[in-house]
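Presented sequentially are two complexes of subunit A, the first with subunit B as partner and the second with subunit C.
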Partner chain A sequence: MSVEKQYIELYEQCRAMVNEHSAALLNEPRDKAYEDFCRLGFPTQKQERYKYTNVAEAFAPDYGLNLRHIEIPVNPYEVFRCDVPNLSTSLYFVVNDRFYDKVLPKVSLPEGVLVMSLAEAAKDHPELVAGHYGRLARSRKDGLNALNTMFCQDGLFIYVPRHTVLERPLQIINILRADVDLMVNRRVLIVVEEGAEAKVLFCDHAIDDHQFLATQVSEVYVGENAHLELYELEETHVKNHRFSNMYVDQQRSSTTTIDSITLHNGLTRNRTDVTLNGEYAETRMFGCVVADKQQHVDNNTLIDHRVPNCQSTELYKYVLDGEAVGAFAGRVLVREGAQKTTSQETNANLVATDTAHMYTQPMLEIYADDVKCSHGSTIGQLNEQALFYMRQRGIPLDEARMLLKFAFAGEVLDSICLEPLRDRLHYLVEKRFRGELSKCEGCKLCK
Partner chain B sequence: MLEIKDLHASINGKEILKGIDLTVRDGEVHALMGQNGAGKSTLSNIIVGHPAYEVTEGSITFNGQNLLAMAPEDRAHAGIFLSFQQPVEIPGVSMNNFMRAALNAKRKVQGQDPIPATEFLKLMRERRKIVELDNKLANRSVNEGFSGGEKKRNEIFQMAMLEPTFAILDETDSGLDVDALRIVAEGFNKLRKPETSALVITHYQRLLDYLQPDIIHVLINGRIVHTGGPEVATLIEQGGFDQFIKES
Partner chain C sequence: MEKNNEQAIIQEIAEKKYEYGFTTDVQTDILEKGLNEDVVRLISEKKGEPTWLLDFRLKAFRYWQTLEEPTWGHLDLPKINYQDISYYADPTIQKKSNSSGEIDPELMKTFDKLGIPLEERMALSGMAVDAVMDSVSVKTTFRERLREKGIIFCSISEAVREHPDLVRQYLGTVVPYRDNFFAALNSAVFSDGSFVYIPKGVRCPMELSTYFRINARGTGQFERTLIVADDDSYVSYLEGCTAPMRDENQLHAAIVEIVVMENAEVKYSTVQNWYPGDKDGKGGVLNLVTKRGHLRGKNSRLSWTQVETGSAITWKYPSCVLSGDGSQAEFYSVALTNNHQQADTGTKMIHLGKNTKSTIISKGISAGYSQNAYRGLVKVGKHADGARNYSSCDSLLLGDKCGAHTFPYMDVQNSTAVVEHEATTSKISEDQLFYCNQRGIPLEDAVGLIVNGYAKDVLNKLPMEFAAEAQKLLGVSLEGAVG
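On to the complex of A and B.
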């Protein structure tokens, strides 16, 4: 428990300070989470779901935490130029763990829709937060959830009331900004009520050349007949560590699309657990990873079919270069009685160098007898025949390689329903493969 | 002009070509005939620089340049084109992007700017008509889901786009029905210019009836054993390759 010690002691010393700069609803489960964390510690690689990422190692350095909620001077509009233009979104910023409320989008949201600080929401709308906060992301079994619950003081709250359709996508820019190495514990709560529709795009950026570690725990509720599209685009840098745990609860006839794209990062671990709790619900999950240097990307998913007549599709593609390490473990669980389940899971990987590593583990666990499920995984290299064919036509080797990688990743990008975002991602991924995009374009400081 | 001198080559340590001498002058069409396994495709692959083949002896020069020292893409830029016996499928890369990349790479070497979009589309439209390919071509992935005939027509289409000065047709007639064969052969003839030359590899006389080669070589067991005029094709059609095996 050596790595854990510094966090346990920090909590014991700063408990009051943590509480003071947060909200009662968020403070309530802290002590319980602290007990859980003392008991569990960080997950180890002996645990099935953490096999491919050394969590404790990432938490070992001495990070600063901004528990006192000291305002870090930043004008997001100055440092950030939207990386997805032509996409008219309602744009919001979260700086470290704080919702940035100084400038808000000019276009007003439909009545009743809330996009705001989670801590503020816990104070102003406790009735909306109380029933949801901490219900999906439990600290009892997961050390990362426990740590996040202990320290998180704020984050983001999105609420779309019944039968409300958000035509314009919400774009949330998570900015990591600090003058020292920093740890951020952020919390996200999304509630899309019955019959409501929303599209949400998260863009992760780290704008300073410091080491960052961000834990983000997200709880997402998709009500009956509700439709949610969730896009996550990470464009950080090699010194960034991201630990994201996302829990999605889907009710009857709801649809959810989760698209997770990692273009630049240091170490990334995304856990996504979707539970299908109502019949005729559908989940579509996509992931695209482009990694080189010593980048590490670990996507770990669970789709839990608890009831009959639901559908799930999962497609993750990785393109690894350099000494990158990729991991994909996807478990589809079809519980007893979940008849007429349709599920398809695919993970395809392109390992372009002999120094890159890919670990893949598609898992299908079925306890019902009338289902249609498939899963598959491939790891391959660039097709030598195709490369030669292109070179014979005069396309230089590097360009030919790029075209093949781009074609491979394109399948996932084509799944993006938001057309401007899809076009933009095609462009960004192509630039990434051309090596013209060594860091995100959006940040002034990176240029 | 392409000049091959005493070319020896092997694949996986096995010698396939055992001393080839062949000169193709500007404007000439040569045909290379021979049994399966004689080394015809090996020769074409070596001319375009396929990495699997090893040249152990001899030389190939193209317009005075040492071809064997050049990368495959540089050979293409110099004007060499191979119509593949088995065109490769490239899922996810559209014909549009593929041809644009190929054309622009060549233009770059020639010091030209990338081709303007409208000009490119016009060129694609014009050239696909030569081999009767429809307008869906541009957005289809390279050779993916193409029928055997479409693949071969697509090879000639690419040749039309890239305008090589020396083309190799490696069994472009194999697997084609009579109509497709006519389209491919007539397409090729339309593209011929006084200064362009070609090497046509085939088993059958039918393609040669269309293409009218100036010179025919018979390749047996890694060596050219006989060279003659168009009458050689008729001899082969009548008496097979045995007559040349005896001759060698």
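On to the complex of A and C.
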């Protein structure tokens, strides 16, 4: 419990300060989370779901926390442009854990739609936040949820009321910005009500050369007949540690697409739990990971089929170079009575060096008989014959390799419905394979 | 499909008597229940073991005491009271007391009843049997004929006495006593199992087989089998097991170690039919076994074939460590669970040598209220260039109260490795059933046919005699268990 100690003590000393700079609704579950954290501590690698990532080690260094919520003097609109520009999105910024509301996009959102700071929302619209906050991401069983609930002071709130269609995608840029090594505990709450539609793109960036540790807990509610597309693009740097826990609750006939793309990172751990609570719901999950050096990417997913007639598809692809470590553990759970479930899970991986390490664990757990479930997983290399064919036609080896890798990752990228984003990602991935570390062009903070 | 008819058939199956559930009334020397150092010493003493083996046992026992029972399996394992088990039961006491050395006729009868005749003239030619009841080997047939070729086939206690150097050289080198909780327990208290040594260049002329039988009440069976195939040799080994019907859980924690040297080949087949418990899940054998083969030599080959139909709980992963360059390993498994049986079984393929190959074919069938899980690891080490693995796991669900699970693990550390895994879960296709029905094949026969066809890939790998038995077993447990 030595690593936990510093966080427990910090909370005990700063409880009042944490509360002061947050909202009552967020403060409420803190003490309970504190008790849970004291009991659970950080998850260990002996726990099946945390087998491939040493959580305690990542939390061991002494990070600063901006508990006083001192505003960081930066106008992200001026200093930063994301790698995914010109998407005609509604662009918002979250700096560390704080929603940037000084300058908001000119485009007005349909009536009733809210994109705002979670702490503000908790004060201004408690009726919307109260029923949802902390309902999916429980601190009782997961030490990371508990820690996040203890310290999170703000974050993002997206609300799309019933039968409202958001034509324009929302683009949220998470920027990590600090002058010291910093720990950020961010919270995201997305509520898409009955019959509503939304597309949300998250881009994660770290723009200072400091060690960052970001925990993000997201709760996503997708109502009946609602449709949500969620894209997460991580382009941070090697000193960044990201722990993301996302919980999705889907109601009848809803569809959700979750796409998580990791192009640049230090240590990334994404946990995504989707619960299908209404019949005829559909989940599509995609992931693409390109990692080299000592990068570590661990995607851990659970799709919980609780009711009959639901569908789920999962496709994750990894390309590992250098000394990168990749892990994928996908569990599909079909509960008793969830008949007529269709589920397909695929994980394909390219391991390009002997020092890279891939772990994969596609799991099926099935308690109903009238189901069609399958999973497939491969670890291998580029096809020699295809390489030979291309060289024969005068394409140099490196170029041929690049083309094949690109085609390999392309399958995931093609699943993206937002056309400009898809094109942009094709470009970014290609650039990534060409070995050009993607510096965010146009960003004044990058030298 | 007619619900009533279906229910009636399921009922019938559920109530079907376990054919091998009888007990043998034979005078048995049973050690008092409980486990401590004195018990370990006593077992060693009864077997007249040398000091090095006693030391091995004691080391294992001391280590076992520091361990906690594992809980990570997808199983609901009942609490085992290790002090409430007798660790040694010898049904051959009469043989020792009478001077002629004759086997108790009761024992002969028992094995006859099980279809394992111990008299060589009656036995199937081409199969040598080591019959083990409780903790002691009753008889090993065809020993002389095998000895002519230099093959050693006897119980492990005999091997300790007669070939101590060989046993000492290999015992515990594949499954060390520190391997896991049950391996440590076995290493401390193990009793008879078989020892097989095939010398260089010898092809074993007949199938070797061991038949394990638990008979005494309140005991566990902790057998230990060690197979060593020296360079260029070949052996096919079979294992069968049954136990009486009891409403207590009986523990079976065995270790099987196989060493395969250069160019040698070992085929290990199991038809496991321990008592599975009654239809409410009462009683039955807890089958917690560590089986591992070490492919030490170049181009060595090992194949595990298992048909698992018995046991209340099966928790085992027959594994292969492929350290010889060019070695090949195979794992074929059919695991069938019915009523309240639980199985968490699969394999581990650990690729360490260059150009090694492994294949995993696993077929799970769950019926009733049972839970059937496949769990397998494929690991490719840093230096295992050119490693190749193909795994395929299919599950068939018969009924909506049972579960079928797949937990494959793949760890790859080499850029030239090719590892593939695929799995499907489904129920018997209505179309196939309809097709059979249409041609006048009744429902239950159709299910039997389809399931046997489904398991064919694995059954084909079994030696002839066993294949017939396995097919019968599958048929018995499955007829009409679906609709």
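Basically, the second predicted complex is superposed on the first by the 437 of 447 C-alpha atoms of A that agree within 3 Å, B and C clash if a C-alpha of one lies under 4 Å from a C-alpha of the other, contacts with A are read in each partner's own complex, and residues count from 1 in each chain.
Just so we're on the same page, contacts are C-beta pairs under 8 Å (C-beta built on N, C-alpha and C of every residue); 3 or more make two chains touch, one makes a residue touch a chain.
Everything numeric in this text was worked out from a predicted model, so none of it was measured.
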| item | value |
| --- | --- |
| Superposed partners subunit B and subunit C on subunit A - clash or fit | fit |
| Partner chain(s) touched by A:390 [first = subunit B, second = subunit C, both, neither] | first |
| First (subunit B), second (subunit C), both or neither touched by A:407 | first |
| First (subunit B), second (subunit C), both or neither touched by A:339 | second |
| Which of subunit B and subunit C A:322 touches, first, second, both or neither | neither |
| Included angle at subunit A between vectors to subunit C and subunit B, based on C-alpha centres and rounded to the nearest 10 degrees | 70 |
| Contacts of A:362 with subunit B and subunit C, given as first, second, both or neither | second |
| Touching partner for A:64 - first (subunit B), second (subunit C), both, neither | neither |
| Contacts of A:399 with subunit B and subunit C, given as first, second, both or neither | first |
| Lowest C-alpha to C-alpha distance for subunit C against subunit B (Å) | 14 |
| Subunit B and subunit C contact sites that coincide on subunit A, given as residue numbers | none |
| Touching residues (chain side subunit C, partner subunit A) in the complex | 72, 74, 380, 382, 395, 397-427 |
| Contact footprint of subunit A on subunit B as seen in their complex | 48-51, 71-73, 75-77, 81-82, 84, 87-93, 97-98, 101-103, 105-106, 109, 141-142, 158, 162 |
| Residues of subunit A that touch subunit B when the two form their complex | 383, 385-386, 388-397, 399, 403-404, 406-408, 410-411 |
| Residues of subunit A defined as touching subunit C within the complex | 48, 336-337, 339, 349, 351-381 |
